[in-house]
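Naming follows writing order (A, B, C and D), and every chain is counted from residue 1.
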Amino acid sequence: MATMTLTQERVSAAYAALGSGDQAQIDEYWDPNMRWLVPGSHQLAGWYEGRDAFLGFMKRVGQLSDNSFVMTPVTILLNDEYSGDVTHNLGWRSGAKKDTNSLYEKLDIDVIHVLRWRNGRVIEARGAIFGDGATQFNQFWSQVGPEGARAPG
Amino acid sequence: MATMTLTQERVSAAYAALGSGDQAQIDEYWDPNMRWLVPGSHQLAGWYEGRDAFLGFMKRVGQLSDNSFVMTPVTILLNDEYSGDVTHNLGWRSGAKKDTNSLYEKLDIDVIHVLRWRNGRVIEARGAIFGDGATQFNQFWSQVGPEGARAPG
Amino acid sequence: MATMTLTQERVSAAYAALGSGDQAQIDEYWDPNMRWLVPGSHQLAGWYEGRDAFLGFMKRVGQLSDNSFVMTPVTILLNDEYSGDVTHNLGWRSGAKKDTNSLYEKLDIDVIHVLRWRNGRVIEARGAIFGDGATQFNQFWSQVGPEGARAPG
Amino acid sequence: MATMTLTQERVSAAYAALGSGDQAQIDEYWDPNMRWLVPGSHQLAGWYEGRDAFLGFMKRVGQLSDNSFVMTPVTILLNDEYSGDVTHNLGWRSGAKKDTNSLYEKLDIDVIHVLRWRNGRVIEARGAIFGDGATQFNQFWSQVGPEGARAPG
């Protein structure tokens, strides 16, 4: 395989493939042996080993947030081996009211995902959060509500 | 029913009943409609509504810690309606080595449980942790290991 | 000195003495060698060694909150050596608007202070917070605002 | 001024200038009006407005860590406007023993700093931490020791 130059377009296309759910597209950008590290100490945090585990994580995010996440690209950084996409993430817990101000129900953070590429596909990735967003990420993904009620199931 | 005076002995007996797993003993001290609030934002945190939910929590603690918890009573406070037991809790995650120093694998905290009693039984309870133990409680019960590995299932 | 029985009234009087700022009253309830442990990992957390250090902490709380704290007693627990006062604490950062919903500007928590008494005076004390209040306590006393602005010196 | 292409060498040189403490070198890479966002909720967290404030932060880091930090570059990402340096940070609190395992005394994290450049100089920067490093960053920069002792000063 010829060397494939990593471009901002290719990074965007990788995320679009993820969003499409189309297996062939996903396979073009995401290595089956990839791993992904979700920041924090909440229920979703830690290393997902393998693409299937990672896709399971993405699905779980959708369920817990009622697919409410709006991810707005800010900028994409590159070198020969890595990409870094700065993204603004806005989302709500499943069942939360859109006008809630609770950090346990609404997430509003800037993140960066650093993706390592090999042969044109992502082989490893890690996320990190700016400001005090890591604390808020833990609150948002916790299973307790503003008054301490445990989330169902 | 005549008024039952709340004593340190009765508080200790309530915990002993819990530990026994004997349903009749549990029933003597813990109201079926009781609720319990576990501090923090980790997987076990929040309100457990009903005695069955609370007993399920206790069982889960045992599973996740391989029944390693040593709870040492420090003192018991009382009034007509409430008890508060200060307790030193020492425990390890299931699978952790006993000589680990990781806050993700070993817990060593002082806590207080404030129990509200009605007709001689616990009807509501809340735990709280001294020092920076609440952060450590979140680390210990998180599903990530010292290097970010996700705990199995 | 004859043994002094610890009563709920005496505990309340100790806090009233603190609030009065009157040195003679403070001296009646708070031992000069007392120490106090503030929960969390924020700028005010940790052990205050000696009554002067503790009074300095109380003064700092007043400055940082513009004396806005409303502390509502819930119940007081006792035995021969310890008291435990459950208290609802509501307060705002200095400069914050009263209708803010930000956990970085408004604090709304239930706490317990466990006081150890000797010869009628408090010799040691530790605070602990119910629910996920310890996280919120760290946010409230942090020196960052909702958007990450650092609090002035 | 002609457009200056952002290179990995230029990013490295900017950090070297910082480390040198030489004002002329610093002035070549860091805009006087720059701002820097330190992640977390600890005593050093938040936005530093202006280069002088940022340099004050760097000096404070040196004091609190006894200049023990070892920062190992991992990779540098780029585009026309931004750089992102992934760095492994290892450091100890001033006074801590080098063989300590306490998260309150030793820091061992991977971070990324995203720098925004204008006219060849850094105008804005934000840090973010991988894994559960944000929690550990808060513990490390907290003013409490492993047993809750408050740090001097």
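Quick notes on this structure:
Quick note on the criterion: contacts are C-beta pairs under 8 Å (C-beta built on N, C-alpha and C of every residue); 3 or more make two chains touch, one makes a residue touch a chain.
Small disclaimer: the values here were computed from a predicted structure and weren't measured.
A centroid comparison over C-alpha atoms places B as the chain most distant from subunit D. Each of C-D and B-C has its own count of C-beta contacts, and the greater count is at B-C.
Taking CA atoms, the transformation carrying subunit A onto subunit B includes a rotation by 180°, reported to the nearest 5. In terms of their C-alpha centroids, the spacing between subunit C and subunit D amounts to 34 Å. Centre to centre, using the average C-alpha position, subunit B and subunit C are separated by 25 Å. Within subunit A, residues 37, 41, 45, 131-132, 135, 138-139, 142, 144, 148 each touch two or more of the remaining chains. Because contacts link each chain to all the remaining chains, their graph is best described as complete.
Remark: subunit B residues 101-104, 131-132, 135, 138-139, 142, 144, 147-148 touch subunit D in the complex. The residues of subunit A lying in touch with subunit B in their complex are 37, 41-43, 45-48, 138-139, 142-145, 148-151. Listed in rising order, the residues of subunit A touching subunit D in the complex are 8, 37, 39-41, 45, 75-79, 81-84, 86, 110-112, 114, 126-135, 138.
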